[in-house]
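Each in structure tokens, the structures are laid out below.
You will see chain A twice below: alongside chain B first, and alongside chain C after that.
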Partner chain A sequence: MSLYSHILTQILITVVSVSGVFVLTGMTGMFSLGQAAFMAIGAYTSGILVTKLAMPIIVAWPAAVLLAVLVGLIVGLPTVRLRRDYISLVTLGFGEAITALLNRATTITGGASGLTGIPKRTTLLIAFVSAAAVVTLISFFKSSKYGRQCIAVRSDELAAKSMGINVPRVKMIAFLISVAVTAYGGCLYAFYTAYVDPTLFGWQRSAEWIIMVFFGGVNSLTGSILSTFVLSGLPEVLRFLQSYRAIIYAVLVLLVINFRPSGMLGEWELTPKHIKRLFKRPKGARAQEVD
Partner chain B sequence: MAVLKIDNLYKSFGGVKAIRDFSLTADRGEIHGIIGPNGAGKTTIFNVISGIYPPDSGKISMNGKDITHLEQHQIALAGMGRTFQNIRLFKGLSVLDNVMCAFDPRSKYGVAGSLAPLPGRFREEKRGREFCMHFLQMVGLEKQAHEHPEGMSYGHRRRLEIARALACEPTVLLLDEPAAGLNPMEVGGLTQLILKLSNEFNFAILLIEHRLELVMNISQIIHVQNFGKTIAVGKPSEVRNDPQVIEAYLGKEDG
Partner chain C sequence: MQILQYLINGIALGSVYALIATGFSLIFNVLKFSNFSHGALMTLSAFSGYFIAAGNGWGLVPTILVSVLTGAAVSLFGEFVAFRRILTHNTSPVYFFVSSITLGTLYEGIVVLKVGANFYNYPRFFGKPYRIAGLFVARSDIIIFCISAAALLLLAYMIRKTKTGRALRSVSFDRDTASLMGINVTRTIQFAFIVSGALAGLAGVFLGINYTLYPTMGSIVVKGFIASVIGGLGSLPGAIIGAMLLGILETTLISIIGSGYAPVFTFVIMLVFLLVRPRGIAGSNIQEKA
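On to the complex of A and B.
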């Protein structure tokens, strides 16, 4: 497989996970620093079911997503009623606990040396179709009643409650959707790299996803996707600069935060209509030609 | 039967007694004005009624149902709509979507319909849009439906908050200083709007307001609060001449 399709596949897998974070952080305003742990649950569960129990992928992947959602429900139940800033702490603790568990349960997970022997099944096509499907689902969600309620909760929880919005329920729905999507990203990841180890799923990765959502625009799904391409593609493109890449990355993030505090696209969504308009010639120009 | 009945409400914050023995009975079609100097506990009354804080003691019932210990969103769904003194619209949502948020908790489709284009979703979304556009029309904002509220004038945002409260289908509407920050012409329009809504929906309105001309003109009953206590209740003409009220507003004459 060529380098470009390798990079593209990895970016598309990240798009899947970042779409989940977009629902949680971008739309609902909840910060999960343990989100990568749900990717770990997806990756490890699907990997173990296939390598150790010889389950077919078609069963293993949904099972992995389901398990992640169940775990999400347990983590979520006490957390969605907490104040916003506590959610980051609880999820951070949870995420680190999962990493520790993966390190210790050597017989099942392979411990620190990782889980090996996962068949390589995620192709560029599968990654692309998955990312497109997830993005479509999330864009439907954004314009739905729960999508609006998520944005209302992010903007003003108290006013949202006064309008009859069941805030813990809305937060839970957003959390579980993001967990399911991130866990699915984990399945794609495990079956792409054929190897996973606990260090891949620390809080740094969760933080990286949050940065991507903010960089792209807090309320813009297309912005999050665009920034995923920029921020995860950039280090690959700039590989020749070696360690200076990190500096460029940091400068870029700082520039956007400084000059566009609501992200590259802010509230704005790139829709098919906009793309069409881009290729249409402006009406004024045509009129001038007639003259 | 009274749509809203508040009996002997008490609420303190630490040593501050924000509400001391507040009672009120409101019927359909009535407008109750609540006035009083700053810090008299007027907004606290609204916050306790709408469930933001629980009362220390007392009972609140709406349409015969005890709502004293319900959660905030349950009270809203039971038929209470409110606006806020410092406008609290949802940023990131269009004018129409702000109103839709008040309809959404009663919209009949689930999580599956939210993620995929199922027929029930389209039906309910269409019903919701028509329902909410109706309220935007009533407050005169139908042309701005797809704009964002951040760019609108103060008066328009106040009206949008009222439209959003109406979409809760309230039987009790709480308006917290709806005229604050409006110019005299806008206040006139607002007065007409409140009277129109009261006639059309026949709900009970509780109105906190500093502009006495507005409250005195449209309320049937005025409750005057001072330091958490009700110092006078009655028709506007009675309250206006009450010596205690004059003292609270203008101070006591010396010697």
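On to the complex of A and C.
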């Protein structure tokens, strides 16, 4: 039982981070290859504030998220005005810089041997409530004015601009929301594993999140969450395939991109309306789901 | 004298960055996306150079040849499995990103499967460094600089003067029009991938000579990306200038503040550059097409 609750907690923490990536990549079409670095900022800041300065968690977590957002503002500022390639290149450099910083600032971060002694506070319940809250908030965001602006920017930046959408602003909002959510995921993570080290936050992790979002469906939060469960649950079920994990991932995703580019669920969302329809006309709804 | 020494080391480092940056810019030019599998491709071809050639006691030239050929072949394979369908089906260019990231994960996964987390070293190909007027010049640096320069000159000649090069330029300018003019677009894109892969293989070997071979060595590609951002995204001469500048800056920085913090400073330099002159040194201004 405890093994299952352990796996479930980890998946729920990943759901939090992937929801952040969904806002940025799925909705706005920007790719951050340094997203895991923001998770590192969340994890390290909250961890250091609690272990070294004896702050209560209720202060440390918001402080960590706030710091990540501030850093995100600095990273985002030069890039949101430029074409989208820049944000992925800049965030990739940012990730490397953060890893270097964490490795070098040994007195504060513990260097390569990691930050230890973080109290274990994240329970399955907290992880579940956090994931549920984050997912709910993001689904609200998606249907809000800003959410629709994000989708417009992703589909066609020029057209969005000509419709009077302030493109840099929308990009910045999406970026900062994703940074805040991912940093919160970092707090959850640090206080669950009680130990963090710089190797956990390389670009591979950011890439994995992007892959999860695309695997689930470009514009479907439901799909992203589903694929998080599938893709992070799969290696646990198939433990004997552990070393092939990256390769299986990659092949799966290449297949999806080549033959079903809109991902598992495409744009389909699990909303009350859809559920109702599911019960009303089971056959018709099936057909629509496949759409 | 000290400054001259930094300059020499910087140019040697910069020439490797230049190989990375041009290989990356070439694909960026043609397909207008950032190829994130470039780093992992370097790793894969450097390791194949080790296992096929250098590990069996072959010399420098066979190792380079094996790596370059592997790089070109794998790059061609990558184009086929990851980018071809997106291109022919005219799906959103966003998928190029995801494909290339996935492809990078695939290459790195293959390397990790083979070597685990171990470090490997190429055998010593070179003797002691030369001492010229009080300056140390490593033999490896001279060879690396000469081969890189030759490769880049060859590339420049190919793009400027040959028929294939002209096709490449017109395909980068506008795919549809180029195809209407009778250019085989698919063949041209394949060619770009082959060249880019060969450059990645070459850069991989040189990185392996300068440092060690390890599965995540592909992350050095970040330097190439930074160089091409500084030089102006998509511009080949810009990429080379940016790479040289970055190499010199980095060797100077490392000697002042130590190698640990160097990535932080190169990142800050890139941010400042983007704020002050987002178009880069070469000033190529690529707008996202509607």
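In this section, the second predicted complex is superposed on the first by the 260 of 291 C-alpha atoms of A that agree within 3 Å, B and C clash if a C-alpha of one lies under 4 Å from a C-alpha of the other, contacts with A are read in each partner's own complex, and residues count from 1 in each chain.
Please note the rule applied: a contact is a pair of C-beta atoms (placed from the backbone, for glycine too) under 8 Å apart; a residue touches a chain by one contact, two chains touch by 3 or more.
No experiment lies behind these values; they were computed from the predicted model shown.
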Where does A:Arg83 make contact in the superposed view: on chain B (first), on chain C (second), on both, or on neither? second
Of the two partner chains, chain B (first) and chain C (second), which one does A:Tyr244 touch, if any: first, second, both, or neither? second
So in the superposed three-chain picture, is A:Asp156 touching just chain B, just chain C, both, or none of them (first/second/both/neither)? both
Give one of first, second, both or neither to describe whether A:Phe140 is in contact with chain B, with chain C, with both, or with none. first
One more residue to check, A:Val181. First (chain B), second (chain C), both or neither? neither
Touch test for A:Ile41: chain B only (first), chain C only (second), both, or neither? neither
Check the residue A:Ala207 against both partner chains and state whether it touches chain B (first), chain C (second), both, or neither. second
Chain A: partner with more touched residues, chain B or chain C: C
Quick one: classify A:Ile173 as touching chain B (first), chain C (second), both or neither. first
Would you mind listing the overlap between the chain B footprint and the chain C footprint on chain A? 154, 156, 158-159, 218
Which residues of chain C touch chain A in their complex? 28, 33-34, 36, 81-82, 85-86, 89, 91-92, 94-95, 97-99, 101-106, 108-110, 112-113, 216, 219, 222, 225-226, 229, 233, 260-264, 266-268, 270-271, 274-275, 278, 286-288, 290
Note which residues of chain B are touching chain A in the complex, please. 50-52, 71-73, 76-77, 82, 84, 88-93, 97, 100-102, 104-107, 109, 111, 113-117, 121, 124-125, 128, 148, 164, 167-168
Over in the complex, which chain A residues touch chain B? Could you list them? 137, 140-141, 144-149, 151-152, 154-156, 158-167, 173, 177, 218-219, 267
Parts of chain A lying in touch with chain C, wherever the complex brings them together: 29, 31, 33, 74-75, 77-79, 81-86, 88-90, 92-94, 96-97, 99-101, 103-104, 154, 156-159, 202-204, 207-208, 210-211, 214, 218, 243-247, 249-251, 253-254, 257-259, 261
